[in-house]
Amino acid sequence: MQNIELSTKDLSVFYGEKQAVKHISLDFAAKQVTALIGPSGCGKSTFLRSLNRMNDLIEGSRITGEIWIGDENINDPKTDVVLLRQRIGMVWQRPNPFHKSIYENIAFGPRYHGIRDRKKLDQIVEESLIKAALWEETKDRLNQSALSLSGGQQQSLCIARSIAVSPSIILMDEPSSALDPVSSAKIEELIAELKQEFCIIIVTHNMQQAARVSDRTAFFLMGELVEYDDTNMIFTNPSDQRTDDYISGRFG
Amino acid sequence: MTQSGRKQKVKQHVIEEWTGKIVTSFCIVLLVVIIFSMVYFVATKGLSAFFKDGLKLSEIFGTTWKPDGEPPLFGALPFIIGSFSTSLLAAVIAAPLGISAALFMVEIMPNIGRKYLQPVIELLAGIPSVVYGFVGLSVIVPLYRDIFPGQGLGIAAGATVLSIMILPTITSIATDALASLPAGLKEGSYALGATRWQTLSRTVIPTTLPALMTGIVLGMARAFGEALAVQMVIGNAPHIPHSLFESTSTLTSVITLSMGNTVMGSMQNNVLWTLAFILMMMTFVFVFVVRWLERRAQR
Amino acid sequence: MSAKTKDKLATAVIVTLAGIIVLVMAGLLGFILVRGLGHVSFHFLTSAPQTIKEGGGIGPQLFNSLFLLVLTMIITVPLGLGAGIYMSEYAKPGKITDTIRLIVEVLSSFPSIVVGLFGLLVIVNTFGLGFSLFSGALALTVFNLPLMVRITEQGLSGVPAAQKEASLALGISKWKTIKSIMLPISMPVILTGTILAAGRVFGEAAALLFTAGMSSPRLDFTNWNPLSPTSPLNPFRPAETLAVHIWKINSEGLAPDAPQIAAGASAVLILMVLIFNLLARWVGRLMMKKFTAAK
């Protein structure tokens, strides 16, 4: 695999005594979409959230192992998570735009990271919205509240918001599961567009979605990585019986 | 972003995080320091009557308060009895009212309750204590004077005024407790064909009892510490009364009245601080009883 | 008695008791307003009190109450916000945090007269600030801080976790996230609580008897130099507030119209509290609407 953007080595996550993620070693390539699939509670979301150290927010959680971005192990207490998170964007299951205007939602991050020039900010807002395929719908109402957008639009806005701080990796936690089918399809299209630029790691419950959008797929079961391969292989010719059972709908 | 630009950035947001931590920690430390110094100052001042003026513990629990007498007597038992009896009686009056109000709002007519009773209770909570004292003095005292023998001033008048003051505390805690009861509990009882009162008296009230008690104790604590409203209607005679309608005093009322009229450092003044110290210790007792009840309620 | 009759009887008792509360409240409000409002006039609200003559007003007291309220809130709000933010966002669960919580709870249940005495001992005497508005404001801050901390905590805990995470995931610092994302969202709750707390401050008297004092110097309302002893704006002068004034004329008022003055002052006090209450509701609803209208 060429151009590894992020990789984990022997990554485990504990909540108190309980081990939610067990010794996962995975490589994620740049400009590819990797899908994490598996039944509820298999640890895929926890794994995802540990990649940008979001799990730090949960009291009693503990991460062991290594997470490498370039030549830096970011699972280190000394890592500056603020800078780290600037390089890793995140999108959630439910759209969570800030209670601010559409413009402010996007400008908030870049402005904090030091861009004060109004013209430059305008440009970033426009570019981000264009990349998120939301510019046409919102260019005349940038000062309206982001909450006035529809659910699908809000999710696109959240994607635009995360790319506005120019990350190299975007984590998506079931980004379309709370949306209607039409909006969901739009988000999938968007993901296909965005992978030309970003390394995208997406957690999904929806196996058709995984098959449609991803290049590589990792199958998680009870905190363990069962199989990791090209998406085609996983869905047509899985090497593990449990993967086969899951994708053919025999459990989960 | 250039390498040096990034370094600059590191500094800025790290400084920002520290600012936040330091500013907020400062506030909380200040709060803690205030409380500790409060306990320290009131305690040292309150104990100085014993250590400096040689007051004996048995003296403070005597029944005669005659600071100007020869020899001066500092028996504070009348005040202690006054404080306990007014706050207990206030709780006895307010508890049925408050719990009924809560039952009304949660179980009987939630719509009317939330719309009319809730704001009324909130308003009662907002009325200043001097206004309660004023109304007590102009309505309740004359009323009691007409009905019962005596001047109308006393424990009964104090307790009546206090009961209205602590009603909001009891009601709001009872309301929260009743509202957070799992729906299944009541449905189970109704499904067995129980009437509403049977459900309330056999299931709902016993389950929420620790929480209801929490409200009552908190109300009592408030009544115990209330100063001006009580002082205005209690009569302020420094002896143990023979009836509920006879003038007496409480810890707070005697402090309120005498603190300004005694010289700092004199023995009488120091004994007043001892009373304040007793008041503070009672606060601790109330807080710990409430904590204990809350732990029971969670079970 | 059958179960049905008992049920009806119990319901009747509960409804009656609830009704009594409403009646008591109505009677209380009615009494104060009927008795007091007749005495309230522009002259009453603006003129100085008389010690032994009729016709005194409550002008300086009203001014003192408002001034003290402003002073208190200027000190309390930032401290309470800071401490509340610490408790809600920075405190790690454990023994120390539990202890702090217990301490705050203890402080919130201290009788206000004890707070006032502490003020007398430390602020008035030890710090040498004397009977003054500033001493009163500090005492009221002590008295009000726990409430402010609780309000802030309540407001912040109502902020959806998704909002906080979204900001942190953008590489925004925690402090900036709290300031720019969380506080604005919790504003309706915090503001409503603060206004109600202000109402409490306005009516408080016991903590002020021995800190702000029970007398006002002759005020010269044309003197706006905050350093001059007769200036109303001087925070280091003694000041009797409206609530303290009501207490004082009830226990030692010499003016022949003392009962009327007490009634009038009570009516004014109650009206102010009502205004605070309605304002809190209105602000809360308005801000809620502003945030959710677009949905």
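Labels A, B and C are assigned to the chains in the order they are written; within every chain, residues are numbered from 1.
Quick note on the criterion: contacts are C-beta pairs under 8 Å (C-beta built on N, C-alpha and C of every residue); 3 or more make two chains touch, one makes a residue touch a chain.
To keep track of the chains, here are their UniProt names: A = Phosphate import ATP-binding protein PstB 1; B = Phosphate transport system permease protein; C = Phosphate transport system permease protein PstA.
Here the structure is a predicted model, which means the values were calculated and not measured.
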A-C or B-C, whichever has more C-beta pairs in contact: B-C
Chain closest to the middle [Cα centroid of all protein chains]: C
Whole-Å gap separating chain A and chain B, where each centre is the average of the chain's CA atoms: 53
Computed distance of Cα centres, chain C from chain A, in Å: 48
Centre-of-Cα separation between chain C and chain B, whole angstrom: 17
Set of chain B residues in contact with two or more other chains: 13, 17
Multi-partner residues of chain C (at least 2 other chains): 173, 176
Residues of chain A whose C-beta touches two or more other chains: 82-83, 113
Contact set on chain C toward chain B in their complex: 3-4, 6-7, 9-11, 13-15, 17-18, 20-22, 24-25, 28-29, 31-32, 35, 78-83, 85-87, 89-91, 100, 102-107, 109-115, 117-118, 120-122, 125, 142, 145-146, 149, 173-176, 178, 196, 199-200, 202-206, 209-210, 214, 243-244, 246-247, 250-251, 259, 262-263, 266, 269-270, 273-274, 276-277
Contacting residues of chain B [partner chain C, same complex]: 13, 16-17, 19-21, 23-28, 30-32, 34-35, 37-38, 41-42, 45, 96-97, 100-101, 103-105, 108-109, 113, 116-117, 120-124, 126-131, 133-135, 137-139, 164, 167, 194-198, 200-201, 218, 221-222, 224-228, 231-232, 252, 255-256, 259-260, 264, 273, 276, 279-280, 283-284, 286-287, 291
Touching residues on chain A, where the partner in the complex is chain C: 52, 54, 57, 59, 82-90, 92, 94, 96-99, 108-109, 112-113, 144-145, 147-148, 158, 161-162, 165
Residue ranges of chain C touching chain A (in the complex, touch as defined): 92-93, 160, 162-173, 176, 180-181, 184-185, 291-292, 294-295
